[in-house]
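Labels run A, B, C and D following the written order; every chain starts at residue 1.
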Amino acid sequence: MIGGGKDAFIGAIHRIAANMDGLIELCCGALSINPDVAIDSGKSLFLPEDRIYTSYEEMIKKESERPANDRMDFVTIVTPNFAHFAPAMMALDHGFHVVIEKPITFSLEEAKLLHQKVQETGLLLCLTHTYSGYPMVKQARAMVKEGVLGKIRKVWVEYPQGWLSKLSEKEGNKQAAWRTDPTKSGKAGAMGDIGTHASHLAEYITGAEITHLCADLNALVEGRILDDDGNVLLRMSNGARGVLMASQVAAGEENAVKIRIYGEKGGLEWAQHEPNTLIVKWLDQPTQILRAGAGYTGWLSSFATHNCRTPGGHPEGYLEAFGNIYRNFALSLAAKIDGTTPTPEMLDFPGTYDGLRGMAFIENVVASSASTEKWTTYTL
Amino acid sequence: MIGGGKDAFIGAIHRIAANMDGLIELCCGALSINPDVAIDSGKSLFLPEDRIYTSYEEMIKKESERPANDRMDFVTIVTPNFAHFAPAMMALDHGFHVVIEKPITFSLEEAKLLHQKVQETGLLLCLTHTYSGYPMVKQARAMVKEGVLGKIRKVWVEYPQGWLSKLSEKEGNKQAAWRTDPTKSGKAGAMGDIGTHASHLAEYITGAEITHLCADLNALVEGRILDDDGNVLLRMSNGARGVLMASQVAAGEENAVKIRIYGEKGGLEWAQHEPNTLIVKWLDQPTQILRAGAGYTGWLSSFATHNCRTPGGHPEGYLEAFGNIYRNFALSLAAKIDGTTPTPEMLDFPGTYDGLRGMAFIENVVASSASTEKWTTYTL
Amino acid sequence: MIGGGKDAFIGAIHRIAANMDGLIELCCGALSINPDVAIDSGKSLFLPEDRIYTSYEEMIKKESERPANDRMDFVTIVTPNFAHFAPAMMALDHGFHVVIEKPITFSLEEAKLLHQKVQETGLLLCLTHTYSGYPMVKQARAMVKEGVLGKIRKVWVEYPQGWLSKLSEKEGNKQAAWRTDPTKSGKAGAMGDIGTHASHLAEYITGAEITHLCADLNALVEGRILDDDGNVLLRMSNGARGVLMASQVAAGEENAVKIRIYGEKGGLEWAQHEPNTLIVKWLDQPTQILRAGAGYTGWLSSFATHNCRTPGGHPEGYLEAFGNIYRNFALSLAAKIDGTTPTPEMLDFPGTYDGLRGMAFIENVVASSASTEKWTTYTL
Amino acid sequence: MIGGGKDAFIGAIHRIAANMDGLIELCCGALSINPDVAIDSGKSLFLPEDRIYTSYEEMIKKESERPANDRMDFVTIVTPNFAHFAPAMMALDHGFHVVIEKPITFSLEEAKLLHQKVQETGLLLCLTHTYSGYPMVKQARAMVKEGVLGKIRKVWVEYPQGWLSKLSEKEGNKQAAWRTDPTKSGKAGAMGDIGTHASHLAEYITGAEITHLCADLNALVEGRILDDDGNVLLRMSNGARGVLMASQVAAGEENAVKIRIYGEKGGLEWAQHEPNTLIVKWLDQPTQILRAGAGYTGWLSSFATHNCRTPGGHPEGYLEAFGNIYRNFALSLAAKIDGTTPTPEMLDFPGTYDGLRGMAFIENVVASSASTEKWTTYTL
């Protein structure tokens, strides 16, 4: 693991997610750019002293020198956005598979290079777009693909948070500080941090891509540099129209990702606050409540059931969704190592193409917001 | 009552709403442009035969010739959009107050003339924007006005319906037929029918006005002429950003008006599906559930309590909200007749200015949708 | 109307419910035992002076002396429990139909006499057990009757309120005072006031009767005389087991009537807080949400659709449920007057047998609570 | 781990829960009484071959012979109820701490002996009553303890499941087979399997104990031997009255544990289906929604925050609640090993006294159900 030392939020999440199914074991780490923190963090995670590194370069180099059966299998990169690209490229160059926190890189250019590198090396790269790890998100995708709703007409995705309602970056909030600083976060604030999740969710479930957008991004808290709120009109490759909303100043909201999709015959609604439920609405019959892990057979896609650990009524949450991405990556990796063929369900985790589109989304949405033209053509 | 004969949806609703509180009695009617239907409908409503009229002209003329203490006090107009203006003008010219179903007229021009006429005559005109009749909508408005949320930053209003997901206007659905026909409905479809409700709700609660908008209207059902779906970016006079969504092809949705408003300190959420609840979200304390009719004192505004008929836990709904508009109109009218001063709570019903803005909303949103410019300045 | 003067809660509710559909007009009243209040209340309701009476005896006598086509058609009795029986008997004796607020009488004995009188006279008596007026309660009853759930195994009905959590009867709360006073309310407190609603709901929906019960009633607020809380185990004539809970000291609850019924194949859940929804749970398929007024055909019983005034998504509430009871009574009465046959849907309103069972429920539950035997056989 | 081989439900859950926080590592196992299954299961969990045992006796003996720093620290017992006692006693006798799936033993007698043994040895025994691992359950307990609700008056706990609505034990369902077989499950069916959870939850949150109960247990599915449904009236040591319901034939329900508690000043409601929410109802102010992991300070007890891994809006579920029990056990164990003092938050996991009460609950509830006396005094 690179990054994720003490006080880092997402590093701890990655470790829980990776631990969950007993398929992955943390064996080494370069957990901070601060050597003291790196060492201290490594010790508190019970890492062997000789595998606590103080830089990612050292880790990748030394691990690659270890015997093949006693080195790390892959690298997880959980540093801030600006420090994703270099370790990822180096890891791939040394033959290590990679798991990377989103957004994949700092710029679209880096994302393209990384995508190319993954294709050249044939190694696996997994991008932790958590929300696509939820079983009922996968169920939604499967239902759209099977045509249950008919042609899709409308996509309505929203991601309201409230935690940046004050100018917290000036009040010692470390999480706020780097996320609102363009030199660390990139061109966009809320749109990069959470808008990319919303965009990914919309494209993942519909199986279509955004082709045009019209964005209104704003920094609504006085003194903030990057956008903390944005509303975007969407046109998609399947003809659907839509709206994407992402806000970090929706005071009182926690992390309320929600998506609604409407087709000719019905609609789907999924909200992360109750993630084990997929609401299925119909033109000509009562609304149905599909539940993760439910006992009724024939209703849930194999992509949903593969990603449940418990029977219905035992709520699984964010960590399990995160764990599903790790689990599928690990199963695909194991299959690769064993020379077997992973199932489509195992291979269903986000990769560099998703990362590339995430970076392109940021570029396009920022460009659109600055433009007086209504529609910006989404370019990759 | 003009219009509202057999088979008409909204006429029956008006009668229930007007009856509810025992303040209003139906005394005469010109209930259909078809004389047979008019007479038949009048009889089935127990109207005296000599006050069943076959045209609004006849009704207004004959009623105005009756003794002052035995004529109708006001006229309710529940005809399709294109037939609002003429009877309203004639009624006002003959000294009758008017209640009118929204949208107020067929065109902005008519709305302006009507607004002017009301101001000249000093008569009351009430526009039945139902959703502003709900007590918890009034509570939301009062809380915003009192500054409870601080400066408002974001408005998010949506109105999804699914009933026009098929080309029903070609399949004998009378309600669908006139609403999707530009010669009867006006320039806009969904935006006129329900988008105006959403726009009114946003402006009513925030006490601010839309100043700029960027609209994407579409006819998503093949063969339809007017918009059946639209997404609109908003900028408001209080600096808030927002989105307005109105759709009649959100398959499986009933009539799901919902609004969320976020300020510096917290947010409000109100949905018509559970209208007796106002969710109040806070930055620094747990979310609260405010309930119509609740026994706790000091939390509910006089505007909310004035519009409740029952204690908490006895759900009031759409008809009561509609009834509140009639009740406030009737109380204001009674005060006018009695020469007393109506309270601010009584006077809190929509009028011609709201109607004017509704028509302007349609004009502006249609213009914006046709434009390649991102922002259209909202003009009245 | 007898009772229901100024400050009375339920009288105003009855008037709104009766007005709602334009089928019933208030023509006279003896609105209070206090003559001044009676007169004052009558005037404020625009009653003609000669039909404002100061006692029910006077009203019934004088009205029966008026010409047949100009007298009241029926009497509504909304006095406290102890003053139901005498006016009801007198009205029936004078040939007037009766609507009566529940519980039907003060004692089981009175209820039996009244039941007998109704059968002898052939007149209509309607008991306003409001909750059975909701369309989705009728839908539930229809589904059980059709056997959709298979044999019913379990009934779980609850009615928590919180408004008597303090000793309000000693603090000037008039509603609390008579309800907690055995000389006015009868043998039971919460069980009489709301437990009877719960019991009626359970029997109405299942179409079965309670045969045995085991009750634990308590006065949980110090100083209170009658029960303010009770839990009752049930055995029913269809073999189902169940629980009935009624409490007026469930602090923070409003009026949260809820019932769940489980059969071999599935379950139903209805809660008054969201009365337009019936949740249908299945063993072998996803839960469904049935909605009052919904556009899908073939799912809703004629008993449900007959009792809806608006399309799906226009919430109807407590007053409409109350109105449905009046409307069905009025339609049945009109049919009787016209010599036509009312439909089963019209005749579906509670009557003296329901009232009788309500009184018997009180007797049995109080007896059981006092007994050391586990099971008390329910006797009528 | 003893038990929990292939096809076992709860064994896999224990492993995920134990893995989650990186504090516990599975080092050996006697995973099935079938040696082939035991070996096969061990291999698939990557256990070293010499630590895959085919009986718990072998495991405990051999592990205790290993060097102190290379043997298992504790034993997890996840066998069916009848096979809990013997391995637990043997483990304690050999100095191993124990984690045990509930119910703690097959009989009350065994539970007493085990409780005594734990007290004699001073070793830790953790009983996995999962629901008390949820942060918002701990919050509820803390609030009751602090007196926020005033004196507690009413407890209302329910646990409906529907999965035994058919005679599945005769249709090859292994989980159903042992749970409905008195020789494997004990005296009670649903009451043992899930009623004990409900009872534990009620006592854990209120900090009070059941003193009297009145039970109606039934086998509602024809052909079933043990109870599959039961309703129980409760009296508690704090004077509260209550009801406990547990059913496995509530067709269409998943695993819907829910508890409501009312005191003089307000009420609490927690439901496992939305476990991150605690609803707090008040007599004199709006209902509040307390959320696990929420950012507002001063509202959540240290017992709640200690048991959250993520910020508000990242739902944690059943596995995390299970994980909390393991985590607190592991932290307490680590403190014991390190010679430090565990915090009260760490020590907050169920133990033998809870297990003892669970067994006593079964005894008492079965005795009460068989009795014609209304109240059975709860004896330990």
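Following the convention adopted for this analysis, a residue touches a chain if its C-beta (ideal position, glycine included) is under 8 Å from a C-beta of that chain, and two chains touch if they have at least 3 such contacts.
As the structure is a prediction and not an experimental result, all values here were calculated from the model.
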Chain pair showing more contacts of the two, A-D and A-B: A-B
Centroid comparison with chain B (C-alpha atoms), farthest chain: D
Averaged-CA centre spacing for the pair chain B and chain A, given as whole angstrom: 43
Chain A-chain D separation of Cα centroids, rounded to whole Å: 34
Residue numbers of chain C (touch at least two other chains): 253, 280, 282-283, 287, 291, 294
Interface residues, chain D side, partner chain C - complex: 149, 153-154, 156, 158, 160, 162, 165-166, 214, 216, 218, 220, 229, 231, 233, 235, 241-243, 245, 247, 249-253, 260, 262-267, 280-283, 287, 371-375
Residue numbers on chain B that touch chain D, as the complex places them: 280, 282-291, 294, 296-297, 299
Chain A-facing residues of chain D, complex: 9, 12-13, 15-16, 19-22, 26, 45-46, 161, 163, 253-256, 272-276, 291, 294-295, 309-320
